[in-house]
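Have a look at this one.
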Amino acid sequence: MTSFSFTVLIVLIPLFVFLFVGLLGHKMKPIVSGIIGTSGLAIAAILSYFTAYQYFFNTEKIGGAYQKILAFNTVWLQFTDKLHIDMGVLIDPISVMMLIVITTVSLMVHIYSIGYMKGEKGFARFFAFLSLFSFSMLGLVLATNIFQMYIFWELVGVSSFLLIGFYYTKPSAVSASKKAFIVTRFADLGFLIGILILSFNTGTFDFISLTNVNGAAIATGSGIAFLGLSTMTWSLILVFMGGAGKSAMFPLHIWLPDAMEGPTPVSALIHAATMVVAGVYLVARLFPVYAISAPDGLMVVAYVGSFSSLFAAVIACTQYDIKRVLAYSTMSQIGYMMVALGVSGYGGHEGLGYMASMFHLFTHAMFKALLFLGAGAIIHSVHTNLMTEMGGLRKHLPITHITFLIACLTIAGVPFLSAFFSKDEILTAAYHSNKLIFVVQLFVAGLTAFYMFRLYFRIFWNKDTHYHHTPHEAPLTMTFPLIFLAIASIFSGYIPFSEFVSSDSLPFETEIEWWPIAIPSIIVGLLGISLAYILYKKESTLPHRIASSVKFFYTSAFNKFYFDEIYMFVTKKIIFNYISRPVAWFDRHIVDGFMNSLAWITNVTSVKIKGFQSGQLQQYAFVFISGAILLGILFIYLFSI
Amino acid sequence: MNLENFFLMRHELVLTIITLMVLIADLSIHEDKKYKIIALATTLFAINLIIGFFPSLTGNLFGNMYKTSDLQLTMKNILNLGVIVILLQSVTWLKTDENKLKISEFYLLVFSTLIGMQFMISAGSFLMLYLGLELATIPMAALAAYDRFRHNSAEAGIKLILSAAMSSAVLILGISFIYGTTGSTYFDTVAMHYSNTPLQTLAFILFFSGMAFKISLVPFHLWTADVYEGSPVNVTSYLSVISKGASAFILVIVLFTVFNSIAMIWKPLMYIISVLTMTVGNLFAIRQQNLKRFLAFSSIAQAGFILLGIIGASEIGMTSVVYFIFVYIFSNLGAFGVVSVIYYKTQKECIDDYDGLYHTNPKLSLVMMLALFSLAGIPPVAGYFGKFFLFTAAASAGYYWLVFIAVLNATISLYYYLLVVKAMFINKNDQPIAYFKTDVPAKIALIICVIGLFVIGFYSTIYQYIQSISFGL
Amino acid sequence: MSGNQIMFIVFSAMIVIFSILTVTSRKILRAAVFLLFVLISTSALYFMLNYQFLAAVQLTLYAGGIVVLIIFSVLLTSHIDEKFESPALLKRVYAAIASILGAVLVITTLLNNTFVPGTEAAKDVNMNLIGNSLISWGEQGYALPFELISILLLAAMIAAIVVAKKIKTK
Amino acid sequence: MDILSFLVIIPVLTVLGIIIAKDPKHTRIISAIGMGLQLILAAYLVFAYLGERNAGNIAEMLFRQDYMWYANLNIHYSVGVDGISVAMIALTAVVVFAGIFASWKVDFLPKEFFISLILLSTGVFGFFISLDLFTMFLFYEIAVIPMYLLIGIWGSGPKEYAAMKLTLMLMGGSALLLVGILGIYTNSAPDGGALTFNILEIAKVHIPIEAQRLFFPMTFIGFGILGALFPFHTWSPDGHASAPTAVSMLHAGVLMKLGGYGAFRVAIFLLPDAAQELSWIFIILTSISVVYGAFGAIVQKDLKYINAYSSVSHCGLVLFAVLMMNKTAMDGAILQMISHGLMTALFFALIGMIYGRTHTRMINEMGGLMKVMPFLGVAYVIAGLASLGLPGLSGFVAEMTIFFGAFQHTDVFHRVVTIVAVSSIVITAVYILRVVGALLFGPIKNPHFEHLEDAKWFEKLSTVTLILAIAAIGIAPLWLSNMIGTSLQPIIDKLSMIIP
Amino acid sequence: MNNGIPIEYFLVTATLMFFAGVYGFITRKNLITMLMSVELMLNSVNINFVVFNRYLFPGQLEGHFFSLFVIAVAASEAAVAIAIIINIYRNFQSIDVEKTDEMKF
């Protein structure tokens, strides 16, 4: 068996880069820190590819299944005899796959950023944060236990926070970063409580023992505990809450669109390709537990995913900020992945959804990163995010145009591009499990095609806008990643995913079910594209008229169904005004007031009784005598023992 | 009667001789050179102090009318120690113009009251107790009224003598009933015949009221503040420290030896009085501006704490009372020492006047702070130990709630002590008391106090010695 | 009713009445004289009880000394025929309540008490015994208090002088 | 060699040195040297302790020294340490060291300032090494009083009121405590024999349950007041807000820990039956503390108030964990004490430095400071992240240990309050981010702030010391956790004997 | 028994005298009359002592001597008190006790 202990380096190298650039970055030339960051990641990427190669091709399978390999493990903190947090590296198909995704996208983003961020203040800081993020994300996917995952989960959150708030002098960026952190933090609360319950029931954090289908862990806590669901189900739903937060599932999605305030490479890396799929990864990690001991939990996953994908797609159709459109599209696509997991069963062909989800995760990472980076290139050249201020860019930005088109085609599910395959698997899985969800997802596929091409046509065709500065193509550092990712988007669909990734690690065969899945899917996709073509190829008032005809619905969708406002109301009004303020008031006036009133009472008593000390000798004598007499009476008659 | 017997009561004898020597010296020294008396009297008293520490016999004299034991000797030594500090502190005052012609009278009065206290401590019968008490009180009134041309001083004098007279009338009414029910005024005999018949209870309460007057326990305390405020500073410190200490000593002795059989009466009595005293003393102290008056109320509150040890009614209790009084003497003398030094330099004795004192007279402020902390029972000064042991004594007897009330009161007391500290250290003042040099005797006195404050606490031998000698009681 | 009893009633009535008059009379000199009567009546009681020496001391020291001292000081500080305004009613009420309550308490307690006479045989009180007692230092000897009271008197003298004497101020 | 007593002797010598020092510069240098030595000594102590343990010394307390003091009351000067006290001593040494540098520029009565500060630390060190309730209480009070002067003289705002309130409330607490200690003492020999103040000996006897019922609440509240137990916490916001930098650091960083430490070493360890019986009351109070403090912090505008309330929340968690009375939770409690000590000290140090430059602590008057003082800004962010429990920093380790420990209880009550306590992590995030956002990010609101200087060397030294300590614990918590855990064993054993 | 007069009669008389003194002490405004009240009180106690001695414990003279000493003490007390009263008179031009209340509260 091959030793995988070198995989520790994949995690540690970005950490060292972070520390190095973070502490000394301000003393270097910006470009140096960029190069250090990029090369660090390049090494990590190479190591990852090597790992993948070793794992999938040079490692012995037992019973045909890929083994979970504990490449490295050390006790980090001991809670009780049974419960201890380990730090380690777990190698298994999905973690290896994630390694590839993360290092690839991250490397591309690094390269891209050298161009994109050129001349920005805080260049070194940016790279430091990117490395920090890569470190955290890698640590997350390689986690050997759920708690290690939680640790890196939090670190990922904070890197995301730092990167969203990268332009910290911009109030909107600051508030977006805060929002992202707090919303995900809230979700993490669920995650943490989930872990508390789960670990208490199963007595372990460890993924291997948790997900061991024949192990003791999976069989525990199945009794009905609360509201008709078992403890295990509750804990897993809570864990999923964490995943939903990170993956921007409804209703914890509100942070994602705002997160686009961050630099665009960040959006590509974190909010499209890697971090946001952590939730999916989490569910996939614990999939055997979900599938076997909490199928109800899996239902929740499926419905949340499905609703989110629909919800996001609808909103995406109305947005004008291109990054926001992409953000909603991300949310929608992650919904797909969740659906896939949700409808999946465990083992063999039953586990098609699981495989499809991972597959889609993979392809999505490529094309969504491409889309974001493309959008970045566009924004970079026209200095605006709004598609209303764009148009006809195909002449100015040829490479961007082509790659962007490829990405749009991919996401729209045009046959033989990567997403066609992965989406197809998802629909297949849904079709065999839950027809309602299948229909919804099919509809969403159409919507996706529509809004993506709405975007595409508005940017590259439509009217010829006059620009202050003539837009010109981005430098090579930026176009190279675009091209690379475009290639990946086209071809990654041909990877025989089910050979590598499956719910029970046993490879299985898949084939495209043309009817009734692939064909309808292609048809809705084309319908969407055509609609977009009609409406947006040329400048026209048609979209406007359509919007006006369903005014209420349109306005709601345009305003994201007022979810921000609702949250604002809850946080600002309820928590701030109706909880915190009263608490603060209570503290100042009641609790503190009580303490102060003790002092006040003492003082007042002191003033009130000052008359006893009147300076009148005879009064003193009177008190003296009365005192003696009273004591006499008291002790002679009342205390007469 | 032989020489040994004389030696047995050497404290009183030597002191009497000294008193007479001062009297004779006073008569033979010319008016303009009266100030020489200061050195003479102080030296003589220092000798007396040293003689007091000689090892000595213990026993009874005059048919048990005079008793002495190691504990009583120690008490007398403690008092002597306090008095010498007061004498040193008084030098500045005595040298003022107004006092030029009545220097020796001060010493005579102080010494004779001290004789009274020492006899009181050694009393073996109520007669001696009464006489000692009167000897300690009557000249004291003259001391209080010493500043003849100050209204307040005269007022203090009359308030002291009249209330003292009344209280001693009540006291001897009690003694008369004690005599009537037991047929004796001798402690030993009384102790044998005492029980809790109503008349004896009444007698005890009347007696106790009289003693409580001297220790300023509520509600017999009302004279205290006025007298303390009006008297010359050094007399106030004498009153509050020595006179009170001596009375507390004898009260403890009497309670433990004579009234031991009615402990079930006086324990609840002490409980009530203790709570009242601490609380009322504190409540009044909070609002005071005049430092002497302030310290008066604070010393009332301190008396309440002493009762805690008494209520413990055990060896520990006894020890802690004596120890606490020892500590209290040093703490209070430290505070009064500073007040007196400042008063005679600047005629200022209000807390407001002390604003910003630290910036001009840091050393005095520090001494004051230490003394106040000791009174408040804050470590590392001795007051902490004193209070802790008192509380231990009361707790050992199971009076937890009393201890709790006491500690709460200690917290309140900390508040007003801190007010003074705040004035000195924190408050801003445009015209603080200007820097001045402290006279040497006063300085020595303050140094003794400060050393005492630290040594008494940390040097456990003192406490252990007291315990070893209070065993017999 | 024996002569003794009559005498007792007379003197005790005098004591009580004059005591009350002493503390209520609004003329100070009269009060002093009433006090004198009280003290003399007391001395009469001592005679009745066969303590002649004490009675004599009472007469000379108390009646003769203190009252005279008081009268002198009255003359020094007040007009003889000055009539006090009567004290405030409230004050009187309070004082009366306290006094009456106290008296009732003490008297009831006294009356409830059974006094147990000592067993020793009565001593004949004569000057010889008194003199000897005053200078003996054994049991029932009063040499020490006697000396102590001398110090007290000396101290009181000094005290009185230091407070009251006029000093030549330069 | 009696190395523990040196922990008390060095500060005292330093104070004496300061007294003879001629000018402020010498004062500072002497303080720094003294506290530096103290830090070295503390570090040495840690290693010596671990060495002894590794060498197989299984005594409950190491480096024992015992001198009879007041023989007749059986009062000893008795010192000794276990892993817990060693950890606390190390914490104190770090915080005091950082505090000296944070107050390097005190120019009003510097001599007195450092004397008081070091006296305070003497009390704290003494408290942690004491094995005798008497000396423990003695040192406790020594630690409290210099606070008054420190706040009163060098504080800001309504300092006199705050100083007085703080002192009185703490002294009120110590009133309860004193009664509790005396109660323990008088019941320390139920089977006859000599009464004792010695913790280890008291732990061996079984104090009658009636006495425990009376004295447990007293002792616990007594210490709890210092540990900012709801509703006795109100001294904390005012006190912290008015205190000078180093004092806030020391107070929140170390002094408040006396509460938690005492609560478990005295209240729980010595009175375990009553602790079991009555813990539910205090668990409710502490869980209120945790959430309440966090909510209270959200709307505050003054940086110090925010931190003070956050301390209420965090220290509430300490007491909460102590009351859970199992090894993991208690382990977490100690970790939380250390962690909170470090990060809150860091917070207050930074607030002091920022205040020294901007002359305001109102977050709505500030903004964009990150741009002008990146070092302080970054440090503040790190402190904030530590406070909201970011993995890799100490707060996370402590909080997680507490939550998992607390969740070991199988009954509904404990689990529900645990979940309540857990929820505080979100609220913490809210107020921390609010502060960080308002303070450091966004545009610069006040043009005067454009030219502020970043940290000076001594400030950096102070900050970096603390950050390193925070990160060290956060990254490699196991040794510390084990060191504490081993020492907790006797306590747990004692508790487990009485768990029905 | 003795002389046919019960001991209680004396004691009651003395008590009444004592509390008359108390009443006087509390009500009289003139300092000298207050002093007189004190003398009444002391005198009443003397009667107690003497009566107890005579009736109950005639075997010794403790009560007798106690009275003797009380008389002496009373004398010296009166002396000092009067001295102070005279001093008060010089200072306040009055010996009204209600006017000597400069210090209070």
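Note that the chains are named A, B, C, D and E in the order they appear, and that numbering of residues resets to 1 at the start of each chain.
Simple rule for what comes next: a contact is a pair of C-beta atoms (placed from the backbone, for glycine too) under 8 Å apart; a residue touches a chain by one contact, two chains touch by 3 or more.
Owing to the predicted nature of the structure, the values given are computational and were not obtained by experimental measurement.
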Under the document's definition of touching, what chains do chain A and chain C have as common neighbours? B, E
What chain lies closest to the overall centre, CA atoms only? D
Based on the averaged CA atom positions, which chain is farthest from chain C? A
The chain whose C-alpha centroid lies farthest from that of chain E is chain A
If you tally contacting C-beta pairs, which pair wins, C-E or A-B? C-E
In angstrom, rounded to a whole number, how far apart do the mean CA points of chain B and chain C lie? 31
Chain centres from averaged Cα atoms put chain A and chain D apart, in whole Å, by 36
If you average the Cα atoms of chain B and of chain E to get two centres, how far apart are those centres in Å? 27
Need the CA-centroid distance for the pair chain A / chain E, whole Å please. 96
Where chain B touches two or more other chains simultaneously, the residues are 127, 131, 134, 138-139, 141-142, 145, 148, 157-159, 162, 166, 170, 173, 180, 183, 198, 202, 225-226, 287
Give me the residue numbers in chain C that touch at least two other chains, ranges are fine. 91, 94-95, 98-99, 102, 105-106, 109-110, 115-116, 118, 140, 142, 145, 149, 152, 155-156, 159-161, 163
Of all residues in chain A, the ones touching two or more other chains: 610, 613, 615, 617-618, 621-622, 625-626, 628, 632, 636
Touch relationships between chains, expressed as pairs: A-B, A-C, A-D, A-E, B-C, B-D, B-E, C-E
Help me check something: in the complex, which residues belonging to chain E touch chain B? 18, 21-22, 25, 31, 34-35, 38, 41-42, 44-45, 48-49, 52-53, 56-57, 62-63, 65-66, 69-70, 73, 76-77, 80-81, 83-85, 87-88, 90-92, 97, 100-105
For a test of understanding, state which residues of chain E touch chain A in their complex under the given definition. 22, 25-27, 34, 97-98, 100-105
Of all residues in chain D, those that touch chain B in their complex: 69-73, 75, 134, 137-139, 141-142, 145, 148-149, 152-153, 159-160, 163-164, 167-168, 171-172, 174-176, 178-179, 182-183, 185-186, 195, 214, 218
Using the touch definition from the top, list the residues of chain A that touch chain E in their complex. 610, 613-618, 621-622, 625
Complex interface listing, chain A residues touching chain B: 602-603, 605-607, 609-610, 612-613, 615, 617, 619-621, 623-628, 631-632, 635-636, 639-641
